[in-house]
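After the structure tokens below, expect a handful of questions from me.
So that you can tell them apart, the chains are marked A, B, C and D in the order they are listed, and the count of residues begins at 1 in each.
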């Protein structure tokens, strides 16, 4: 759990991949939701690294890219429910950025599941727990983020298709 | 080089059961910039706070990280400690190892690992913190009052009495609101004109009060103390300096249209002096009906005016006013009883509203004070139907407060002048607060010409035509349908927020309730709170009230302004706002379209943008969208966020990298 | 002990290359190879890109002939999207293209190859040319080149980087005042090209090194030649049919550009990132000439050999002069490329002058819109260095599914190697050593072709999607069977 | 460089790595001025323009060149060596053009894996063909770069500026020879941009009528002007095609793609995921578009895990 993508021994079972997730939390809803989860003593995975911002609209696409570049296996942005943004539409702007970012990241080998935007209201400790647990589980299934994946447009041929050439 | 002290709060028994604090202390000590790591039993207690303050001084710290409970609990407490110890309060970062770690992660190793990352993130972030100072801004103590009815006028006069400059904005061509249209007012049956005229006269001649007639607020920018109010003034087409209100133009005008001041009772011309005794006494041209706007070259009024006061060339005028506060006093409108077809209003000739009766009773009104049916005869028997729309959850849930009392006023007036022989009041329980109202009621109690009939429920009557008379039908308290014949029915429609309130709410960023009143900010102890700093609501704009209530509300709102905006005092602005590095801004204006507060403005020549720190609330949406990295967000800068993310992912050593400019060169 | 001599980098050409001369145990030249040591991968990384971006993307293959790639690309897209540009757009494209052909040929003459023959003693560079006896004319030619490149700002946005081609036309019409300027510059261009030829006659054709190498039998290769011609068999650099003539000057094949994969075959060699091409029907016989060898050449000399005539009078007269001087069509002497190049420069200038007078150049209608959203298309043009093919397959999302590019230097690769090896044998002789002058002679041999290595390194060979026209060869050049 | 005597002719080298030659054209396009400028420098190495071999360069003492202009991206091991050698020889290393600056167009190859087949075809058996790196890099990834001339290719004026300041002795480390601000600042269509425009669906260049006077973003066509350093003289926009970002990101923007997402997302119309997806369907190949010139130096696309030393 200390460093990025790694595997830990979970009890006596086989090594489980433990993804690392950076979660950008809106100060007014998701942060409070996360605290509510804590006050309710819900059990949460230790995979999430929360970053508190004033608004999900503050999340610059470069913050997300930076997180992936530094070894995050997933990035989660949590904002207020639609219509409840403290700054009116910051959460909507976050949604727009995520939609485009996912398309940008696809050809770079970042699967859609690795970047998620969810709404968590201030009292919704339980929902916070569900969202982060759900993402951890889906990333466990997906495995670590590969540095570069072949583009979908590459139709890889068997490497031995051409063994010798004119010398 | 930073000197960071990290204080790990054990929160009594709360932190350390799962977390291995010794390990956390040890790993934290190795972080770049950390010169001191201490465990404290309870940091937020008196002893803990004193200890923290002493440590800052003794250790010569320039930055502090507190690892403990959620920053929402004590961040501001610790900031105060920093401030008292001589540090800028923003040189603090709180790592939430309680709610987001100790309390939710069960495995001790995992919890300790996560706490290490959280603290590493906080340390890396605090290295990039910069001291921030709240700025003080000068405030305007001028006030914009919207609505020149009773409440607005009282507010304006109160403020002007304390030497405040008041801009009184009125969408009509005259001041005074509805009261000057009445003959007399309850509860003392005082003459309305006698009450109002001296006050309006003072208003119109007060040096400190600028009256903006035929004007509306188009935009409200800014913040308490620094509003910019954009006014749109429609043209009167009459020069107020030249016009005396003589009415020569009115005589000459060939157009006749229904008169809004006397609905259903009279016609007016396309140029008119609104009503007799109106203040200011000036003519106004109605371009919706004037022939000139129908494509005809009529100059009848212009030619008739002995003072050459007609100005067809006038245009709408936009004006920006700087003000520190806004008082909304837009009053009320009576709802349209036509919404309830069972009353027959608009269909049955002698079903009228209480306002129409007010106009008939007015001695300078269209009937010269006489109560007449549509056929010109005098009604023998008048029926007053109360609670038309009011107190009905499906219509207006509220009690409109004044209907019962003005009905008593009508009874006194019509009986006194013998306008009718008999009157019946259909009510669902009379609402007569205060001693004076009770006196009025008692004076009518023994009168044989007056009958009070109780309906089973508010807004439950219906009116039918029956042999040339009107049959008022309603279920009584036992549920039996009863019917009374009357010659004329006067309806008391529910009061609702003035017709322009919803649009005004949008402009002012306020909210209105279901019936259009600005009643969403009102609390038990505060009837002038509008829901936005620096904006207050007074009179019927906040909900139904009587004339005294409106006047009191105006004075109350004025009092709040007087106490909150004092000449010479400044307003403190939070420092967490966006700012622009002009050396990077290309003026592409992407940010401008995103700001929900209109805090970003594009300047030309050279193209660039500016952030108005008074309006900015620091959400950072602009910074996230800026393609030039020119918009910076104080306390949530890219460098701070990147450092925190990197450190949380185990790359604290690269934290400094994000500080560099143009890292692709000379790296 | 075998050993090798390396000329690294080869200079005064476009792109990074070097020559490896392998010597046998007795110090004689065993083999010389011209290596392309860089690699780009366009055919791979263009997949998945947006089709309409190809004209500005693929031109980054080569900064010297971006206009050629731009045009081939946009013509391929015309086919992909089934749209025919309006007449004014075609004229603007042609005008830009001929201007580009002219200035590119002048560049080679002044900066790349010219210094070998025009330089002030010892300083073989543009600076040396300017200091030398041809300095005055060279300066004037530089000026004319500058002005012709300046025209590109009107026709194609920028000479450095054309930005005018869109499927179905060009991005913007010409203005009436532009046309006037085009006419003026075209006139200057014609006289400039004539001056260049005069200089060539005065200084190059009389230069001892040039004369010696022009007449050297080892630099005369009796290969096939390829070039684009119109339906009358006249040279047409911006489109037409592909004609291949044999070493005797007889038409061997003529085919539509999109059929090129049927007729041409790329080879993968281990020692270069470039894929040489040969005539499929003739077959690969190794680095050798003659009617039985699939080796063919492209570029200015090949074009003059392949076509029946040039459509402009001054250039045609000069071509006839060359043919009569060098023994008739086809001319096999490699050094004659220089002459042919300047004839073509004159041709391009004359064509500019003609196009400036044709039709309404300032007609505002310069765009038509796609009639379909996907498909296949081939675009072809005669790049300064030879025939250039772009072939695309575009999917329904408008993204590239398949890209195939064949560039001039690939066609000439085998011939360049033959020239380099032949001249290396002459230069190294039996001493087993190469002098500075000797090395330059080897370079002079390939500079005749003006090879563009930037272009040649466009492909990611064998990474994936190797088409069936790509084969693998053993040391003798026999195709390998793949199990 | 500051206290250098003015009369001495600075020693200059210019060369290419994986390049198209366009940067060389940006030098040659100085046209008639070229002779004058080159007359004031001592040009030691310039493969396209003069004779001279690698071994000559090796003979130059370390630090013996005042400056070297390197264009092209870093694709092969030999490029790494060449860059290293030039860094040793030159006091100031100038990244000349987008490829050296950002990795350039060829960096799009990084979207694809380098397969083993390539290694086998061209690898150890072949006669000393330089080995390809796992991915394309910018010059700054392999040596310290002192000065940047952005652009694909740079404008001749920017090259002139570099050479002039070299001659005058004012070429300062850390300089980026372009505007400090984004292209919109100097774009001839900058004033036609309205901040509240929202795009319901992006349009592609070949589908759209191209209004020559209106901001491309206003036309719903992606233009990277807002996220691209100005100084290119708005060549593409004047040619009536939108900016594709060759001058690289501005100032503190680390990632052109990320910056591009930031501003393009702000222009999107739509309040639901479905509407947004629809709007984005008109945006073909955002990765190839936003990283057209800068993938190797991008935050995530440029990361170099899994690569040998």
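Assume a contact is a pair of C-beta atoms (placed from the backbone, for glycine too) under 8 Å apart; a residue touches a chain by one contact, two chains touch by 3 or more.
No experiment lies behind these values; they were computed from the predicted model shown.
Q: Have a look at A-B versus C-D and report the one with more C-beta pairs in contact.
A: Between the chain pairs C-D and A-B, C-D carries more contacts.
Q: Which one of the chains is closest to the middle, using the mean of its C-alpha atoms?
A: So the chain sitting closest to the middle is D.
Q: Per the centroid of Cα atoms for each chain, what is the distance between subunit B and subunit C, given in Å?
A: 75
Q: Need the CA-centroid distance for the pair subunit C / subunit D, whole Å please.
A: Whole-Å distance between the two chain centres: 26.
Q: Hey, how far is the Cα centre of subunit A from the one of subunit B, in Å?
A: 42
Q: As a quick test, compute the distance in whole Å between the mean CA positions of subunit A and subunit C.
A: 51
Q: What are the residues of subunit B that contact at least two other chains?
A: Expected reply: 594, 624-625, 638.
Q: Residues touching two or more other chains, restricted to subunit C: which are they?
A: 44, 48, 268, 270-271, 399, 462-464 - these are the residues of subunit C that touch more than one other chain.
Q: Going by the contact rule already set, what residues in subunit A reach two or more other chains?
A: 60-62, 66, 93, 97, 107, 151, 153-154, 156-157, 161-163, 165, 167
Q: Quick one: which bits of subunit D touch subunit A in the complex? Just the residue numbers, please.
A: Of all residues in subunit D, those touching subunit A are 110-113, 115-117, 120-121, 125-127, 135, 253-255, 257-259, 261-262, 264-266, 268, 270-271, 273, 276-277, 280, 283, 285-288, 290, 298-306.
Q: Which residues of subunit B touch subunit A in their complex?
A: 70-72, 96, 98-101, 103-107, 109-111, 113-114, 116-118, 121, 576, 594, 596, 617-621, 623-625, 633, 636, 638, 641-642, 644-646, 648-651, 654
Q: Which positions of subunit D touch subunit B when the two form their complex?
A: 95, 101-102, 138, 140, 144-148, 173-174, 176, 180-185, 190-191, 193-198, 225-227, 230, 249-254, 259-260, 262-263, 265-267, 297
Q: Within their complex, state which residues of subunit A touch subunit B.
A: That would be residues 1-4, 20, 22, 31-32, 34-35, 37-39, 41-46, 49-55, 57-63, 66-67, 70-72, 86-90, 93, 97, 129 of subunit A.
Q: Where on subunit D does subunit C make contact in their complex?
A: Answer in residue numbers: 16-26, 28-29, 31-32, 34-35, 38-39, 43, 46-54, 72, 75-76, 78, 104-106, 108-109, 111-112, 114-115, 117-118, 121-122, 125-130, 132, 152-153, 155-156, 204-207, 209-210, 212, 235-236, 238-241, 244, 284-285, 288-289, 292.
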